[in-house]
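Each of the two complexes below includes chain A, the first together with chain B, the second together with chain C.
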Partner chain A sequence: MRARSLTDLVLLVFVVLFFVFMLAPILIVVLISFTSASFAAFPIPGWSLRWFARIFEYQPFIDALLVSFTLAIVATLLSCVIGIPASLYLARARAGWANAVSTFLLSPLSMPMIVIGFASLFFLSQIGIGVSFTALVITHTVVCLPYVLRTVTAVYRSIPPSYEEAARILGASPLVTFREVTLPLIRSGIAAGCLFSFLTSFDNLPVSYFFGSSQTNTLPVVMLSYMEHQFDPSIAALSTLQLLLAVGALIVADRVYGIHKMTVAT
Partner chain B sequence: MTTFTRRRLLKSGAMAGTALALGGFPRLVNAQGAPLNVTAFGGVWEQAVRDCFVAPFQAKTGATATVSLGGPPQWLAQVEANPEKPPVDVLIMTPDLALTAAKAGLMDDFTVEKLPNLAQIPQVFTDSVIGKGTVFDYGVAGITYNKETVAEPPKSFAEFVDRVADGEFIASLPSIAYAVTPIMLIWAMAEALGGGVDNVDPFFDAVARMKDNLVFWGGPNDFFNHLASGEAELGIYFDGRTWNHYDEGATWMGFINPEEGGSLNAVAVQKPVNANPLAWDYLNEVLDAENQTKFAEIMNYGVTNEEVVYSEKLKPRITPWQNAAFPPYEQIAEVRNEWVDRWNREIGM
Partner chain C sequence: MATAVDKTKSRLGARGLRGLLLIGPAVLFLVAFFVLPLFDNAMRSFATADGQGFTLARYVQLLTDRFYLGVTLETVVLSTVVTLICAAIGYPVAYFLVRKAGRWSGLVIFLLIAPLLTSIIMRTFGWQVLFARRGLVNNLLVQELGWLERPLQIMNTPAIAIIGLVHVLVPFMVLSIATVLQGIDRRLEESAQILGAGRWRTFREVTLPLSADGIGTGAILVFMIANGSFVTLVLLGGGFQTLPLFIYQQFNTTRDFSMASAMSTVLLVIALACLYLQLRLVRRQGGS
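The block that comes next holds the complex of A and B.
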C-alpha cells in the first residue's frame, strides 16, 4: 500500500513538472505581451495593453490575418470536399491499391513541409499558377487533407457496416443513407479533422513562406519577417491572440462534440 | 451499389476540389506585373522603405508600388521558379545570395545609364555583387556590451578573445544557424587574428579557448535576451541593432567597432531580368542621397551614397564603411560549406 502511494506521488510530481516544463515558456510569452517596456524582457517592468494595440495599428498584420483566415477556411473546406468521400471509400476498401492511395494521401504528414513548399513553388510556377492565392490554397489543401482523412477514416471504421446496410434494406437511397445515417455518425470525425486542418493551415509557415507576396502573405510569414528586424513585444501579443484562438476553438469543439469523442480512433 | 455511390462521391469531390482550387478564386489571384512589386523586411524596415523610397517613387512616376514582406531566400526562390515573369521586381538581398542570383544570370546589370544615382555609390559596392546590383545599406558587426556589467569593454577582437578565454566575461556569439555567421564571425575573427578566407584556424582556435564562457544566439532577439537576462555580458552583434535597442529604452547597451574592424554586412538591391522596367526608377530613388539620409535616420544603419551627410545624433553611431573590414563575399561563398561543416564538427552549436 505504501509502495503504491509512493509510486502515485512520484507520478504526480513527474506530471506536474512535465506540465510546468511545457507551459512555463508559453506563460512567459503571454506575460511579455502585457509588458509596458519597448522590448521583450522578463520579468516585465509594468503592465500595458499597448502591444495589442500595435497589432491593429500595423496594417501588414491585419492584411496577413485576413489572408490566413480566408486561406485556412478555404483549405479546410476543400480538404473536407476531397477528404470525406475519399475516407468513406478507402476505409472499407479491400483492394491493395486502396492502401497505396491512402498512404499517398497521408504522405504530406511524413514529408518536411519546407520540401513541399519548395517543390510546390517550382511545380505550380511551371504550370502557370505561380505565386498566388490559388497556389496557397492548393498547397495548404495538400497539407491539411491528411488530418481530415485520418480522423474521418478512424471514426468511420468504428461504425459497423450493418447500420448503413439496414438503412438500405429498409429502402433508403444511397444519398438518404449518407445524410441520415453515415453523416451523423462521422460528424465528430469531420469536426476534429476541420479543427486540426484549420489550425494547421493557420499556423503554417514553411509552405506559405514560398508563396508570400504583397497580396498573399500569411500571418506567420509576416510575423517571421517582423521578428527578424523589430524588437518590440507585439509578436508576443500576437502569439497570445493566436493561443486564445486555438484554445477557444478547442473549448467550442469540446462543448459541441466533446474532445474525447473527436480523438477516439479505433 | 453503396460502393458505387462512394466512388462517385470520391470522384465528384476530387473534381470539385480541383475546379475550385484552379479557378474558383479569380479575384484573389495575385495580379502579377501591374504595379511595381518591391521587397522589404518587416516592421520598421517596411515603414522606412515605404516612406523613404516608395513615396518619392510614386510621387515622381505616378505609378504605384506594392511592398512584399519576407526574406531574401524566399524572393530568390520565387524568381528562380518564375524567371520569365518574376513575381517581385526589386529584391533586397544578402551579398551571398545576391552573388548566387547574379552568377545564375537571373539579375540585370547596374549601370549609370540606367541608374544616374549609381555614380554616387562607391564602385566597390557594385563590384561586390559583380555589377548585377549594388549595396545601399550596411551594418557593422562589432562588440556590443552591457555597460552596467562591463566597465571597460575590449577594444579589439584579440582582447575580446583573451578576456573571454580568461573567464572575465560570458560572451554571446551568433550560432551557425544564423545566415551571416560565416561572414560576421568566422571570417571577421579569423581575419582579425591573423588568418583570412584561406585560413580560418585562428577563429576555431579562439573558440576552443573561449568555449567554457560562450553562449550562442540563433536570432538577433536571442542576443538581446542574453544580455538583458544577464546570461551574457557582451558579444558580437550589429551597430544598428544595438542603437535601435538603445533608442527603445535599453540604454545600458553600448557598441564598439573593434580596432581590427568589424565586418561590413551589406544589404544589396537587385533587379531580376524580365522584371517591370519601372524598377529602374524605383532603384534610382533607393540610391538617392536625400532618401538614403532619411532611411539611415530611421534605421540607425549606414548607407552608401557618398553625398549623404548624417545628423549629429547619427554621426557618432555610424561606422564609416572604410573603417570596417570589407568581406570577400565571393570567396567566402566558395568555402562557406566547408566552414559550416567544420563548425558542426568542432563547435556543434
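The block that comes next holds the complex of A and C.
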C-alpha cells in the first residue's frame, strides 16, 4: 500500500473516506448502545450496559427475538432440504434446460421483496394459511433458497467428479459415496449457504412486515414499530447484539471457508 | 445390440428420473409459493371491482394519469441516480481493492462485507444520531466549531434518502467491479504503457473499457435492488413518491389493494427486464 505517486495518494485518501462513510453510522450505533444516558445522543456522559438489560426486560423484544431465531433456523433447514439436492443436480448438468432451471430457482433474488411479501399475503390467505408462522416460514424459504442453492452449486461445481467416480469404481454404493465423499466435500458450501440464509431471514423486514401479528412479529418488525414511538438506545443495543452475532458467524465461516471464496460465490 | 440400446435408454430414463427427483421439490416449491402468488397478484390487478370482469383501467390510469406516471418515473429516476453515484464511488474503491490493497485486501473485503451484515434499522438509527437537528454533526458545526449559525436540516431531505440508499447498495457495486477487474490481463495494460501511453491514458483506454462489464453487472444489480427498496425511504423520509412506497401506503392507509397489485406488477416487469439484461451480460462474459 505504498503511495508511489500523487494519484495513488489521492486514491488512498478517497478509499479511507469511503470507509469512514461506510462505517460511521454503524460504529456510532455501537457506541450509543453502551451509553448510560436515557437518550441516543452525543456526547456520551458515561458507559453502562443498561440498554442491553432493557432488551431482556421488554417482553415484545424477547418474543420477537424467539420468533426470528426459530424462523431463520426453520427456513434455512427447509431451504437446505429442497435446495441441496437441486444444487447437486444442477452443478453437474450440462443440458440447456438445466441452465433455465437454475435461473428460475435463483430468480427470487431479483424480485422486489415488497412485491413478494404483498403478493404472498393475499395468496396464502386465500389458501387458508393466512398470517401465521407457517406463512412466514414459506415466504422466508422463497427468499432464502437462492442463497443455499448458489453457494452449494458453486462449491460442488468446483469439485472434480473424479472423486465420486473413484469411490463408485471401488465399490461404494451411491448412498455411501454421497455420505462419505460428496457431503464432506461440499460441507463448506452448505455452511456458507446456511449462514447467508440465516442472516437474510433474521434481517428481513420487507417480507415479514406484511405478516405482522402478536404471534408472528419478527425482530425487525418490532424494532421498526418501537422506533416509530421512541428513540432510545435500546434499539442501538439490539442492533449491536445482532451485528455481533453476524460478525461472529462470518468469522467462523471464514475459518472454514475463506472470505475471498465467499465473495466469488455470491 | 438391441439390448445395449435398451440399456442406454433405460439408463437415460433413470438419470432423468433421478434429476427430476433432485430438482423437483425446489421447483415445485417455488412454483407454488413464488410464481402462483405473483400470478394471482397480477390477476387481481386486472379484475373489476366486483371480481367478475376484466379491466385494464388501473394500467390505463398508471400509464396515462400524470400523477401515477410521475410516481413510476420518480422510481426509475431515483434508482438511476443512486446507481450512477454507486458506480462513481464504487469504481475507485474496487480499483484500490484489486490493484493497490495487496496484503490488506482481506481487511478491505471484510470492511465491505461488514455493513452488509447490519440491518437497515441499525443504519437508519446511525444516520439519525449523526444528522438529526441536535445530532453529532450539527453539534460539531454549530457549537464546537461555530461554523454555522443554525443547525442544518438533513434528516427528511431527499439527500439523506439518497445517502442511505447508496450506503446500502455501494458494496454490491464494488464487489461486481472488483470481480471483473481481477480478471483483466495485466499484460494488456503493460503493452499500452510500453507503446507509450501514459498511466491515465492506459486507464481510460484499456482498463476502463475492459471493466465495463463489471460496471454493467453492478449497475443492474444496484438498480434492481434500489427499485424495490422502501424501508430506507420510509425511515429516512425525503418526500419521494416511488412505487414501493405507494404499495406500502396503499396497504397501510388507502387499502386499495387492486391498485397496489397493479403497481407491484409494474415493479415486477421492471425487475424482469433487469433480470433479462443481467442474464445477457453474464452470458456474454461467459462467452468471451
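Note that the second predicted complex is superposed on the first by the 238 of 266 C-alpha atoms of A that agree within 3 Å, B and C clash if a C-alpha of one lies under 4 Å from a C-alpha of the other, contacts with A are read in each partner's own complex, and residues count from 1 in each chain.
Simple rule for what comes next: a contact is a pair of C-beta atoms (placed from the backbone, for glycine too) under 8 Å apart; a residue touches a chain by one contact, two chains touch by 3 or more.
Predicted, not measured: the structure shown is a model, and the values here were computed from it.
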Check your understanding: Based on the superposition on chain A, does the combination of chain B and chain C result in a clash or a fit?
Key -> clash
Review point. Does the superposition put A:F231 against chain B (first), chain C (second), both, or neither?
Key: both
Check your understanding: Comparing chain C with chain B, which touches more residues belonging to chain A?
Key -> C
Check your understanding: Touch check for A:S36: first (chain B), second (chain C), both, or neither?
Key -> neither
Exercise for review: May I ask you to decide whether A:L149 touches chain B, chain C, both, or neither, giving the answer as first, second, both or neither?
Suggested key: second
Review point. Of the two partner chains, chain B (first) and chain C (second), which one does A:M111 touch, if any: first, second, both, or neither?
Key: second
**Study point:** Touched partner set for A:V222, first chain B, second chain C, both or neither
**Key:** first
Exercise for review: Using the superposition on chain A described above, determine whether A:A86 touches chain B (first), chain C (second), both, or neither.
Suggested key: both
Check your understanding: If you stack the two complexes on chain A, which partner ends up touching A:F122: first (chain B), second (chain C), both, or neither?
Key -> both
**Study point:** Those residues of chain A which chain B touches in one complex and chain C touches in the other
**Key:** 40-42, 81-83, 85-86, 88-89, 118, 122, 126, 138, 141, 210, 223-224, 227, 231
Review point. Quick one: in the complex, what on chain C touches chain A?
Key: 18-19, 21-23, 25-27, 29-30, 33-34, 36-38, 40-41, 44, 89, 92-93, 95-96, 100-102, 104, 106, 108-115, 117-130, 132, 134-136, 139, 167, 170-171, 175, 179, 199, 224, 227-231, 235, 244, 247-248, 251, 257, 260-261, 264, 267-268, 271, 274-275, 278-279
Review point. Any idea which chain B residues touch chain A in the complex?
Key: 1-7, 9-14, 16-17, 20-22, 25, 28-32, 37, 41-46, 66-71, 74, 77-78, 80-82, 85, 87-88, 219-221, 224-225, 228-229, 241, 244-245, 248-250
Practice item. Within their complex, state which residues of chain A touch chain C. Key: 1, 7-8, 11-12, 14-15, 18-19, 21-26, 28-29, 32, 40-42, 81-83, 85-86, 88-90, 93, 101, 103-105, 107-108, 110-116, 118-120, 122-124, 126, 138-139, 141-142, 145, 149, 199, 203, 205-206, 210, 220, 223-224, 227, 231, 235-236, 239, 242-243, 246-247, 250, 259-260, 263-264, 266
Review point. What residues on chain A touch chain B, complex-wise?
Key: 37-42, 60, 70, 74, 78, 81-86, 88-89, 92, 118, 121-122, 125-126, 129-134, 137-138, 141, 164, 168, 174-175, 177-178, 209-210, 212-217, 221-232
